[in-house]
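Shared between the two complexes below is chain A, which has chain B as its partner in the first and chain C in the second.
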Partner chain A sequence: MINLVSRADELLESKAVQVVIGYEAGSTGKARPAFITDPSKTGSLIFDDRCVQNLAVYLTKKEVRYFGKAAIVATLPIMRSIMMLISEQQVFAENIVVLGVSAEGKYIDIAGIEVMQQYIATCDLGNPAKDQETLAMLNKMSTQQKFDFWQKELSKCIKCYACRQACPMCYCTRCAVECNQPQWIPVQSNLHGNTDWHILRAMHLAGRCISCGECGRACPVNIPCHLLTMHMADQVHNYFNVYAGTTDKMSSVMSTFEPNDKESFIQ
Partner chain B sequence: METTSKTIRKHSLEKLYASLAENRKMYAPVAEADNRIGYKYNPDFSEVIFDHIQSTLSVKNVVFPRVENVIFYTNNKNDSTVTDVDLNKIPEVVLWGAHPCDTAAYDVLRSIFCWDTKDEFFAKRLEKLVVIGLACHKSDAHCFCTSVGLSPDSTKGSDILLVPLTNGDYKAEILTEKGNRILTDFSGLFEPYQDEETKLTHVEQQFDHKQVTQHLKEAFENPFWVENSLRCIGCGACAYVCPTCACFDIQDEAKGKNGKRYRSWDSCGFGLFTLHTSGHNPREVQSQRWRQRILHKFSYMPERNASLGCVGCGRCSRACPVDMNIAEQLQALQSI
Partner chain C sequence: MARIGVFVCHCGENISATVDCHKVAETVGKLKHVAFSTDYKYMCSDPGQTLIKEAIKEHNLTGIVVSACSPRMHEPTFRKAAAEAGLNPFLCEMANLREHCSWVHEKNDMTTDKAIDLVRTLVEKVKINSALQPIKVPVTKTALVIGGGIAGIQSALDIANTGHKVILVERSPSIGGHMSQLSETFPTLDCSQCILTPRMVEVAQHPNITLYTYAEVEGLDGFIGNFTVKIRKKSKSLDEKICTGCGLCTTKCPQKKIPNEFEEGLGFRPAIYVPFPQAVPNKPVIDREHCTYYIKGKCKVCEVVCPTKAIRFDQPDEVIEVQIGAIVIATGFDIKRADFFPEYGFGKYKDVIDGLQFERLASASGPTSGAILRPSDGQVPKNIVFVACAGSRDPAKGIAYCSKICCMYTAKHAMLYKHKVHEGKASIFYMDIRSAGKNYEEFVRRAIEEDYVNYIRGRVSTIYERDGKLIVKGVDTLLGGQPVEIVADMVVLATAGVANHGAEELAQRLHVSYDSHKFFAEAHPKLKPVETNTAGIFLAGACQNPKDIPDSVSQASGAAVKVAALFSQNELTREPLVAFVNRTAPPLYSTCVGCFLCQSVCPYQAIEREDFKTRDGKIIKTVAKINEGLCQGCGTCVALCRSKSIDLHGYTNNQMYTEVMALLNEY
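For the complex of A and B:
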C-alpha cells in the first residue's frame, strides 16, 4: 500500500486535509480504525483482508469533524456510504478526499465525486454473495419458519445498539428509540422490544442501506441483523430499480414519489 | 468462615448437579449454536461445559436482569392503584461453573447496589443465589484478572470453588455458610482432599492497577482520552457484556389502563448519558464518555466503594467492534 501511504503523506504534508481516516494494526491481531494527523505517522496505515469496517461512520462524528477536512480510505461500501451521506447532506463533498481501494486491495485514484460515481457504476452493487445465499435460503422458508428463525435470533439481542452505532447511515443524534414521549417501541430488551427495534431499524434503512454488513459484524451476540437491511436493499432494487449510494444526488426511495413507481405491493 | 478443602470426583459432580437441580433453578454455561458460550437455565448436565474460556455475556443478569419490573399500576377514572413486585417469588438459583472473574463481580455489584440504600431487588436475588465457581485452566490474550488483583483461582464471590485437578477430578473449596450447607446436605459426594495437583492457567500481569488509579487522579485533561477513543462508535456493547457495569434506565410502559415501571440496562457510552433536560450535556463527546467509563472503574470506585470496578474478564475487549482494548489502554495509562 505504498500509494496509499504516500498519498496520505502528501495530503497531510500539503495541509490539503487535516486528518486521514484509515486502518492500522490493532491489538491481538485485529485491524482497527486509525486517525492520522501527523504526516510522519502515515507509515502505520495498512490495508489487508482484516480491514473491513465501514469507516464512513466517522465522517459524521463530532470529534473527527473537529479536525477539519478528512481523507478517508474507502472500499466500495465506504464510497457508497459517502455518496449517501452527501445525498442526505450530512457531509459535503468538498470536505472529503477519497483514497480508493479496489476489491483486489489496490489503491485507486479517486479525483472527485464524478470519478467515484464512474467507479461505482462499474461495480456489482448487489448484496455480497454469501449473504445473498443466506437470504435466498430464508426466502424459501414458510412465513412461520422465517418468523421462528428471527424470533430465535432476536431473542439474543441485548439492545446495546452496536448495529446502529456501527452504521454510517444511522447518524441521528437522537434515535427514535431514545424518545419516550411517546415511546415508539418498547425500550426493554425482551423479544417484543427486540423485534420492534430490528423492524424499525430495517425500515429506516430501506433504500439507504449500501449492504456493507457492518451492523452484523458489530453485533456482540452474532445476530445476522445485516440480513434484514440487505433484504430491504434487495426489495428496493426489485421494486424501484435503485441501488443506494450510486450518486451524490440520491433521492430517498421511501419518501419520494415517482409517477412510474410500481405499486404492485399495495394491490 | 474457615475454608475447607474437599475433593469431588468427576462422576460425583453430575450427582451434585442433579441433587441441587431438584429444588433450585440451575444456571450453567453451555455451547451455543453460533459457537458462542452462553449461560442457560436448567440445562441438562450433559450440555454443561467445563472447559470454556469465557461466555460472551456475563452472569450479572442473575442478580441484575436485563429488565427488572419495579412496580405495576392501574389508572382508573379517579385514582390509580400501584402493586409492588412480590420479591418472595424470586427463585433460588444455583450459578454453576462461573469463572472467578464473574463471581468476584458480584462483590463489585454489591458495593454499588448496596452502597447506602440497599437495592431490594438486587439484594433479594443475591440472597437466593448459591455460587459454585470454577477456576480457570484456560485463558486467552484478553484475560487480565491478575492485573486487577484477582487470579484464575480467586475465591471471591463463590460459595464453593471448583478447582480442576490434573487427574480430571475437582478440588472443592467450601468458602461460605451457603457452601457449607451443600457440603453437609450432600456429604457423601465429597472426599477428603489429599493435595492432588491442580490444573490452572497462567495469566500474565499487564499493568499495576494501583499505579493506574494513582495516575488517573492527574489525567482528567490529558489528550490521551481523545487520541484513544476517536474510533469508539458509542455503542453499549462493552457495558452490556461487562459483569460489573450497573447503570440502568427507568421506563414506564402502559397498555390501556395497565402499566408497569421497569428498569433496564443502560450505558455511559450512549449519547443520552448525563444529558440534562436543558439540552446541555457535561459529557457531550465520546472521549468524555470513554474517560468516564475508565475513571468510574479505576478511580471513582476505588475511592468511594473501596473496590475496583473491573474484574479483568476481558469481555469488553472481545466484544468491541472497533478494538477498544481496555487492558492495552490501562497499560498505557499506567505511565502517562
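For the complex of A and C:
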C-alpha cells in the first residue's frame, strides 16, 4: 500500500485536500475508519481484507465536511456510493479526491469522475456471490415461508437504526422514522413496526442500493437486512436494466419514466 | 379548542332515501368537539346556506363539515357560505354522502353506518385544517400565438382587438398557412386568397401585433401569466428595414430550379424568394440550403442587383427572450404525401396528385394560372378520379380517424373541375359522405345533381399505368361489391390530414400533452376543447385534429376569449392547495436534504432550488422550493420525498393520517 500512503501524503502535504478518509488498524485487530489530517500520520493507513466498511457514509457527515476537501480510499462499492451521492447532489465532485483500490487490493489512480466511471464499467455490478446464493434460496421459498423467515428475523430488530447509519445512501438529516407528525413508524420495537421500518428502508433504497452489504454487517442482532435492498437492486436491474452508481448523473428509476420501461410488474 | 359544526343534507331524497340523515346528525353530534349538528332537506338552498352561516356565528364554529354531494358539485358554494360567515373557506370540508354512499348502497343500517364513518373522518380532519389564503400571481398581458395560418391570424387579431399585445410567430417566410394555398373554399366557392389576404394585411398593420416570420419557438419556461419564451428568428439574410420588397433579386437569382413548397412541388422558385405574391411580409428570404453563395462561396448576384443594398450574407440567427402571459398554439396540420400510398402509385405516376396539389392547379395564382392540366404532359384531363379517405379511416394504415375535411374538399374539387372542363368526367370513390355543417350537404348534393359528379361508394384497391392512362381499380359496394375499373387521365388522392411536422418536439418544448397521432391534446374532449392540460396554453385550429376553416376560425376566437379573460385580471387567484417544503429552525432550515429527486418526478416543472445563504452570501444549504404558480397540487412529490419534507396544503400527511386513524378507531 505504498502508493496509497505516498499519494495520501502528497495530497495532504500539498494541501490539495485537508483530510484523508481511509482505514487504520484498530485496537482489537479489526480495521477502523481513519480521518488523517496530518501528513506525518499517513503511515498508519492500511488496506487489507479487514477493511470492509463503506467509507462513503462519512462524506455527508457534517463533522467530516468541516475539515474541507477530502480524499477517500475507495473500493468499488465506495466508488459507486460516491457516484450516487454526486447524482443526488449530496457531494460535489470538485470537493473529493478518490484513492481507488481494486478488488485485488491494488492502488488505482482515479484522476477524475470519468476515469472512475470507466473503471466501474469494467466491474461486475451484481450482488456479491454469497448474497446471491442466499437470495436464490429465499426466492425458491413459498410466499408463506418467505414471510415466516422475515418475521422471525425482523422480530429480533431493536430499532437501533445501525443499518441506516451505516448506509451511505441514508443521508437525510431527518429520517422518515423521526417524523412524528404523523408518526408513520412506531418508535418502540415490535414486530409490526419493525416490519414497517425494514419495508420502508428497502423502498427508499430501491434503485439506489449499490450492494455493499453494510447494513447487514452493521446489524448488532444479525438481521440479514442487506438482502432486502439487494433484492431490490436485482429487481431494478431486471426491470429497468439499471445498476445504481455507474455514473455521476444517475436518474432515479423511481422518479423517472422512460417509454421503454418494462411494465410487466403491473398486474 | 375545536368547535366543529356538521350539516347533513338530505339532497331531496337522493341521500335520505337510503341513509338515515337524522341518525347521522345525531350520532356525529355526540362526538368530541362537535359543537353543532343538524340535518336539512337542501343544504345548498338559500335557507340551507343561511342555516350554516347562522350556526357558524351562533356557535362560534372553528370548522364545518357539510355532508352532502360531491365536492366537485358544491364545495365552492359551501366554502363561499363559510367565508361569508367569517370562517376561512378552507375550514369547510365536504363529506360525499351521495356519490360515495347513498347512490351506491341500498337502504339499511350499514349504509347509515358508512355515512357516519364518512362524516367522522372529516370531522377529525377539519379539526387540524389550517386557514389558507388564496395565492395571487401577477399576469403579463402579452399573448404568444404560434403559427400564422388562419387560426393563428384569427386568434392574434381577436386578442389584439381586445387591446392586448400579441406576438405572432410563424416558421415559414410568410403568414397565411394552408389557407393561402387553397383555390376556392367550400361551401360558397369564394376565393380563398381574397378572403384571407385582407386578414393577413391587418395582422401586419395592427399596432398591437408583433409579427415574427421565419422564426420558431425554441423553449418555454414559467407558468400561466408568467411565461418566458425563447424565439429563434432565423436569419433572412437581408435587412428588412432597408428592403423595399421590389423583388428584383428574386428575378435575377440564377438558382431557379428549387421545388416550390407553396406550389406543392408543381412549380419552381429561386433561392431568394417570396413564397407567393400576396405574402406578408412581402420581403424575400434567402434559402441558405439552396443558395449558390452558401453552397459554393460565390455568386452574390442578389447583392449586386439590390437597389437598396439590403442583402446581408453574414446575418446571424437571433434568439430573443420575451415575457408573455398566455399562449395559443395554432401550428396547423399537414397531409400525408408520397410513399404512404404505394398501391396508388403516388409519387411514382406524375398524374396521381394530392388534394393540396389540386388546389394549386385550380388556383388562379397557381402554376397553371388556374387551368386543370396534367403534371406529366400539360394536357387537360378528360376523365378524373378522386379518391376520398386515402389513408384516413384506415386502421391498417395506422390512421383510424376521419380527416373530416376531405369529403367536402373532394366535392369541391370535382365541382371546380367540372366548372373548368365542361365535357370532362369526374368520379369520386368514397366510404361515406360526411357533410355535417351549415350548407355542406346542399353543397354535396349540388355536385351530384347539378354538376353530375359520379359518386361511387367503395374503395380503390390499386392504381397503375397502362398506355399513358391511369387504371383505377375499385369496387362499388352499392352494386353488391361489383368491381369497377376506370381509365383515368388524372387521380387526386384526398390524403389523410396528419399532425404538422415538428408538432411532437414543440409539444415537448411547451410541456403540453399530445395524442398518439401527435395532435395536441385538449384538457377535456367536451368541456375544455380549447384548453390544454397546461394552464395558460390554448389550442386553435387543425393542430388539435383536422378541421375546416369555419371550425378553425371559431376555435381561434374561442382561444382568444380564453386569453382575454385571463388578461382581464391584474392578478390571478389560485387555490392554495399546493405543495410546500417544510421549514425548521437553524441550522437545519428545512429537513429537505436537496436530493432533488422530486424535481424529476414533478409533471409540472414546479420544483425549483432555493439557497439559504449567510449574510456574506455563502451558501449554507440548497433545498427544493415549490413554485406556487406552477404547482397543481397532485402530491407526487409528497409521496416521493423520503424525508417527508414536502407536504400538501389542505391534504397534509397529518390530515390524511388522521382520517385513516379516525376510521380505524372506535368512536
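Quick note on the criterion: the second predicted complex is superposed on the first by the 267 of 267 C-alpha atoms of A that agree within 3 Å, B and C clash if a C-alpha of one lies under 4 Å from a C-alpha of the other, contacts with A are read in each partner's own complex, and residues count from 1 in each chain.
Definition applied: a contact is a pair of C-beta atoms (placed from the backbone, for glycine too) under 8 Å apart; a residue touches a chain by one contact, two chains touch by 3 or more.
What you see is a predicted model; the values in this text were computed from it and never measured.
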Exercise. Chain A residues in contact: does chain B have more, or chain C?
Worked result: B
For this session: Report for A:90: first if it touches chain B alone, second if chain C alone, otherwise both or neither.
Result: second
For this session: Classify the contacts of A:160 with the two partner chains as first (chain B alone), second (chain C alone), both, or neither.
Result: first
For this session: Look at A:251 in the shared chain and tell me whether it touches chain B only, chain C only, both, or neither; answer first, second, both or neither.
Result: second
For this session: Tell me which partner A:173 touches in the superposition: chain B (first), chain C (second), both or neither.
Result: both
Exercise. Is A:7 contacted by the first partner chain B, the second partner chain C, both or neither?
Worked result: neither
Exercise. In the superposed arrangement, which partner chain does A:204 touch: chain B (first), chain C (second), both, or neither?
Worked result: second
Exercise. After lining up the shared chain so the two structures overlap, which partner does A:182 touch, if you call chain B first and chain C second: first, second, both or neither?
Worked result: second
Problem set entry | chain C-contacting residues of chain A that also contact chain B | 173-174
Exercise. In the complex of these two chains, what residues of chain A are touching chain C?
Worked result: 88-90, 171-176, 179, 181-182, 184, 204, 251-252, 254-256
Problem set entry | Residue ranges of chain B in contact with chain A within the complex | 34-36, 56-57, 66-67, 141-142, 226, 230-231, 233-237, 239-241, 249, 251, 253, 262, 264-265, 267, 270-272, 284-287, 317, 319, 321-323, 325, 328
For this session: Within their complex, state which residues of chain C touch chain A.
Result: 588, 591, 593-598, 600-601, 622, 640, 642-645, 653-654, 657-658
For this session: Sort out for me which residues of chain A touch chain B in the complex.
Result: 26-28, 30-35, 53, 57-58, 61-64, 158-162, 164-166, 173-174, 178, 180, 183, 186-190, 217-218, 220-222
